[in-house]
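Each chain gets a letter, A, B, C and D, in the order it is written, and its residues are counted from 1.
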Amino acid sequence: MPVTVLDTPFDPLQLLKQHEQTLEAGSVGAAAHFIGTMRNHNEGVGVSSLTLEHYPAMTTKELAKIIEDAHAKWNLIDALIVHRVGTMTPGDPIVLTAIWSAHRADAFEACRYLMEELKSRAPFWKKETLADGGDRWVEKNTAGYT
Amino acid sequence: MPVTVLDTPFDPLQLLKQHEQTLEAGSVGAAAHFIGTMRNHNEGVGVSSLTLEHYPAMTTKELAKIIEDAHAKWNLIDALIVHRVGTMTPGDPIVLTAIWSAHRADAFEACRYLMEELKSRAPFWKKETLADGGDRWVEKNTAGYT
Amino acid sequence: MPITVKFFASLREQIKSPASQIDSAGIATVADVWAAAADIPIPDHVLCSVNLDHCTAADSVKDGDEVAFFPPITGG
Amino acid sequence: MPITVKFFASLREQIKSPASQIDSAGIATVADVWAAAADIPIPDHVLCSVNLDHCTAADSVKDGDEVAFFPPITGG
């Protein structure tokens, strides 16, 4: 499955290794990966945990569309998106996007596209539990891919 | 060491895993990786093996300068370049570039910068052994990062 | 058939007693769904979807649709 | 001290008997090094370095330098 949403911790490098074994060796010339991990601070404040809420049916549909759109825009061999939901702690991987292609420009550009589109289109919301015990929704959206 | 040149096969995901263990968990928010692997064809012709020649002292110096330049241009936590030399077969990893940073734009941009600069500045040359038994130097240069 | 309504994240916490289903009688647009289901005016920057596709408040809604409202996306 | 000269990749194969060291007497530039060390005219698009830094054929060279010539880079 090119799209996976998980409510337990995951190991991006292990998933990449598993996924590579499904690809035809010798056809791939380029792979680009992006891994987003939870930091222990954000906007100058210590963060002790992060809870990711999502809209499950829409998330899966939207992520699958993003991958479909990437295949239409670039010449790709394969693409992968993995996203964590639920409550996590600093150092935990949040998101993995990966592209395999023949040439590097496709891999670099499509990998970034997956992330930027995910950040603007896929219905996930972050709530931070702060080091002082309070909590806050992350309300800042990020710009799309241009 | 941020720069490694190897004359034996390497496992990029294994090296990334090792390198991650040297980083402070909770400070990294973004990681971008690029892996270039040997394909079994190039410009429409089957390729059975590839030999990478280099200029060892200059290679090491130039790759270290590329990493230094990347640190000057972006806000990075760490950077890694691994490059294979000698004779390899299809499917073998040729090059790995990786960036760890707080935010994703730095990781994506710097990771691509490492690859584009490497392709235009680091003294490596490829000679292909073709499926029909002949060989040829790869003479096509690739455009730098713009 | 009723219209299913969902509110997510900070928006869900702002609305005291959100309806999860509303009757489709008199409902033409996504904005009408908000007015029938929420007890506060629609905030700026609210995003919405009909049947899992992004939409605008002016988009039309029919019997049996699932309509969702949510704040700006912050995943990844 | 002599000047050390290196040729790489396809360039090394094109030159029949490349010198690996030349006397610095009468040598002012990288182009002079080529003329003294190689048995063919300098091809278009040749790259060069002095003491491991990229350079141009017009750059100056002194006693003890290491000068290298190579074709366009094709690594990565």
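Operating definition for what follows: contacts are C-beta pairs under 8 Å (C-beta built on N, C-alpha and C of every residue); 3 or more make two chains touch, one makes a residue touch a chain.
Just so it is clear, the structure is predicted and the values come from calculations on it, not from any experiment.
> Enumerate, in label order, the chains that touch subunit B and subunit D alike.
none
> Hey, which chain ends up farthest from subunit A, C-alpha centres compared?
Looking at centroid distances, D is the chain farthest away.
> Using CA atom averages as chain centres, what separation in Å is found between subunit B and subunit C?
Centres of subunit B and subunit C (C-alpha means) sit 48 Å apart.
> In whole angstrom, what separates the CA-based centres of subunit A and subunit B?
23
> Taking the mean of the CA coordinates per chain, how far is subunit A from subunit C in Å?
Distance between chain centres: 26 Å.
> Enumerate the residues of subunit D that touch no fewer than two other chains.
In subunit D, the residues touching two or more other chains are 76.
> So which stretches of subunit B touch two or more other chains?
36, 104, 115 - these are the residues of subunit B that touch more than one other chain.
> Determine which chains touch and list them pairwise.
The list of touching pairs comes to A-B, A-C, B-D.
> Okay, in this complex, where on subunit B does subunit D touch?
Interface residues on subunit B, with respect to subunit D: 36, 52-55, 57-58, 61-62, 83, 94-95, 115, 118-127, 137-142.
> Flag every residue of subunit C that touches subunit A in the complex, lowest number first.
Against subunit A, the touching part of subunit C is residues 6, 8-10, 49, 52-54, 68, 70-76.
> For the complex, give me every residue of subunit B touching subunit A.
Contacts found on subunit B: 13, 16-17, 20, 25-41, 90-91, 102, 104, 107-108, 111-112, 115.
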